[in-house]
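So, here's a batch of structures to check.
Note that chain A is present in both complexes that follow, paired respectively with chain B and with chain C.
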Partner chain A sequence: MNHLLEAWELLIQADTWTGPTGMGARAWEHLLYTVLAVGVSALIALPAGLAVGHFGRGRNLAVLSTGAVRALPTLGVLTLVGLVVGVGLMAPMVALIILAVPSILAGTYSGAESVDPRVVDAARAQGMSRWQILFAVQIPLGLPLIIGGIRLAVLQVVGTAMLAAYVGAGGLGAPLFLGLRTYDYPLLLAASLVVIALAVLLDIAFGTVQRTARRLMRGPA
Partner chain B sequence: MGIEFRHVEKTYPDGAQAVRDISFTVPSHTTTVLLGSSGCGKTTLLRMVNRMVDPTGGQLLIDGEDIAGAEPVRLRRSIGYVMQHSGLLPHRRVIDNVATGLRLNGAARGPARSQAEELLELVGLDPALGRRYPDQLSGGQQQRVGVARGLAGDPNILLMDEPFGAVDPLVRLELQQQMKRLQTELRKTVLLVTHDIEEALSLGDQIILLRPGGEIAQAGTAQELLSAPADDFVARFLGVAQGRRRLRTSAGQDGEWVVTDAEGRPLGVVEAPPGPVHPRADPSGSVPPEDGR
Partner chain C sequence: MRKHTPVWAGLAGLTLALTSCGSDDPMGGGGDDDAGQDGALVVGSQQYYSNTVVAELYAQVLEEAGYEVERDYDIGQREAYMPDLEAGEIDVFPEYTGNLLQYLDEDAEDTGEQEVLEALGETLPEGLTALTPAEAADQDSYTVTPEFAEEHGLESIGDLAEVEEDLTIVANAEFEERPYGPGGASEVYGATVNLMNVEDSGGQLTLNSLLDGDAQLANIYTADPAIEEHDLVVLEDPEEMILPQNMFPLVSSAVDEEAQAALEEVSAALTQEELIALNTSSVDEQASAEDVAETWLVQHELIEPDGSGQEG
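Right after this comes the complex of A and B.
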């Protein structure tokens, strides 16, 4: 309890946040890592998930491979890739992308699949092309689930991005590992609190976006 | 001219033979009804016309041209399609749903919307409903929107798959009557699928009665089917055999003719009496009817 209080006192001091290695800069780095990892994952997983959902093929493959990838321990991947590419941002990015892809993939193909097949059939019968069906019917109507997948990926990545500091990169893992090594528990706790706050804020933001999408697409409340 | 089915067959990839060797023609500007119980291949036949289903044998010609060579997306944009469940896009306003086909055919948003409003009026809906979303309409209203969407772009051919099957009987009757009114005005080439005999008799200029297994049991006008059923199946299906459609007339008290069923239950009165037609006495006693034959 004492440590927590000290951590709180640390957090309300201005100079904790300032400077190139201050908590502010670290939080910003952390957010950038998260955005980068989730962004690259989305570039991979969105088209793949849409293809699976649209064509209705390759679903088993998608389920199996995402299951297999999910079983990989992130720390193991990080260490392995780190051994190959050395210290820096590369290894944690690969590990985070591997973490995020399955969630986005699963959300995307479930989203595209969730659209009432009769609505898709009607759209086809009206003379919509495959692309038009994808962009005017399946993506908008699947949006709530697609965003749900991204929301989950963000939550996983924001927590796990702590590990970036483990191989010499920055982010909120840096003060955390520093606190761990130097027995500076208030610092360690302060960094954890900031990560938790970041995660909660991002989740609220994505939750709002998801609800808005659901309302606009007239899905179940 | 019209739509010609020539020895058409369909076996689905899973081996189900839905349609075998079917030939008939849907003459232009008339309504042909595909009638039959569930599973006898009606929907399969209907969907061949806009290439939602491709036949595994035979040919399908529209105005003499084999549609096997037509580009499916282009073909579908030129043919109206109305389905049992309206199939409206839930995230688009009613007006934009109706305008979808117009937009696909290249119309700008403004003109497409005003045309869509006219179509809503044509099918008996208040154009103000266009601002709503499909889930804010009743089932009957949604079906009307489906019909309006099918008519958008003024297609020559209208395909209707049990268009009034999912609404309650009263609304169904209303929609059928409206369809008849519309058809006398628009004279589309209509192919309509139903399992409802009344609907077939009331809307079909021609009725193609299918039997299980995907074969034609009999094709003809309502009169031909009722008065000369080709076999037992047709007679049973139409209810002629059970006397459901054997009607009798008998003279009522005030000189009108009462129609009864085979068991003598009264069904209604005939306005023009059977037998020699004679001008009725004019109650006002003034000018005698000029056209009395």
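Right after this comes the complex of A and C.
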């Protein structure tokens, strides 16, 4: 408990947050890395997931590969990529994207699939094209699940982005490693608390978006 | 309600299981509870191959001297194993002079080899003894590539003050806080060095960033075979800024004089070259600590080949 109190005292001091290596700058880096990693992952996983969900093909492959990729230990991936591309932001980005893609992919194809086949048939009977069915029926109706996938990915990435500091890229992992290595547990806990706060805030934001999407999809009725 | 009972029971069980694993120190590792019984000497080691090889040297000479030995290797960091040593659950541990002193006394300012030893003797908890250290040391360094050293005529850390370009050293996070970190380099040698944190403790990622030119300097530990392999230049430290890290056996009161004498024979034979050679065979040949230690001890006539018993 003592460490926790000291961590709190550290967090309410202004100089903890200021400066180029202060907690504020680190939290900002951490947030940027999270947004970047999830953004790139979404660019990869959203189209792939929609294709799987829309055509109903390649589903087994998607399920199998996302399962296999999820079993990869991120620190191992990070070290392996780091050995090839060197230190800096590249290696943690690759590792975080590998972490985030499966969640978004799974959410997206589940979302597209979750739409009642009769609704899709009805849309087709109305003469809607494949693109129209995808954008006017499957994506809107599947949106809550799709956003759910992204929400899950954000949570995983915001916690794991600590590892960016392992290869010299900073983020909130920097004060965490410093605290770990110098037996400064209040600092370690303080960095962890900031990550937890970030994670909770991001989750609340995405939860709100998800609920709004669900309400909109239910229609004005 | 009845439907929910199993869930609550499960949760309660889980909570119990979680709390019963807890100890006073949130970061402390669980020690081996069977250790330290039956009069056997328990030899421990850090989770670092070089440390484990030396622990195995200790274990095998003790066995040769007729002691029963239990091995409890790869215990991680000091806050995990020091309580076990103090409680007498571990009896022999390969330690490093400077780092142990820093752990026991954060404010320790001694840096000379002798001063560190004396300070260590004064701060060690009761019941623990530091035996005579070996010449071999595994300590932090300001290391550069041979090309960079030649280009700028670098021999000692002080020569860095003359280098015109921006200098970055790649090291673990704690380097920032150490008296011999960038702050010390500036204060003692007038050299300005930026720090880039790579957290693999002088491992391959650190080495790569030096060789690839992401940084001009790296903190490679001085017993690392990579120094020889890549002809790296460890900059000299004439002002003794860097904490010395000579290896020595830290022993409990269960280690009697005869056992201490056996351990000190190992330290006497363990020169810097020998420690590097030990590390090289564990890294390059991927040999097990047991084999590496046995070969080395036989070479130095500290044990008989094939482990055929020899008393005393």
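Definition applied: the second predicted complex is superposed on the first by the 218 of 221 C-alpha atoms of A that agree within 3 Å, B and C clash if a C-alpha of one lies under 4 Å from a C-alpha of the other, contacts with A are read in each partner's own complex, and residues count from 1 in each chain.
By definition in this document, a contact is a pair of C-beta atoms (placed from the backbone, for glycine too) under 8 Å apart; a residue touches a chain by one contact, two chains touch by 3 or more.
The structure displayed is predicted, hence computed values, not measured ones.
> Mind checking the superposed model to see whether chain B and chain C fit together on chain A or clash?
After superposition on chain A, which the two structures share, chain B sits beside chain C with no clash.
> With both complexes overlaid on chain A, does A:Met217 touch chain B (first), chain C (second), both or neither?
Touch status of A:Met217: first partner only.
> Quick check on the superposed pair: does A:Trp131 touch chain B, chain C, both, or neither? Answer first, second, both or neither.
A:Trp131 sits against neither chain B nor chain C.
> Just chain B (first), just chain C (second), both, or neither: which does A:Pro140 touch?
first
> If we overlay the two complexes on their shared chain A, which of chain B and chain C does A:Tyr185 touch? Say first, second, both or neither.
After superposition on chain A, A:Tyr185 lies in contact with chain C alone.
> Least CA distance chain B-chain C after superposition, rounded to whole Å?
So the smallest C-alpha gap separating chain B from chain C comes to 33 Å.
> Touching chain B and also chain C: which chain A residues?
none
> Considering only the defined contacts, which chain C positions touch chain A in the complex?
26-27, 79, 103, 170, 172-174, 176-177, 196-200, 204-205, 208-209, 212, 214
> Report the residues of chain A in contact with chain C in the complex, numbered from low to high.
3, 79, 82-83, 86-88, 165-168, 170, 174, 177-178, 180-183, 185
> Give every residue of chain A touching chain B within the complex, in rising order.
Interface residues on chain A, with respect to chain B: 116, 118-119, 121-129, 132, 136-137, 140-141, 216-218.
> Inside the complex, what are the residues of chain B that reach chain A?
Touch list, chain B to chain A: 47, 50, 52, 73-78, 81, 83, 85-91, 100-101, 104-105, 133, 135, 149.
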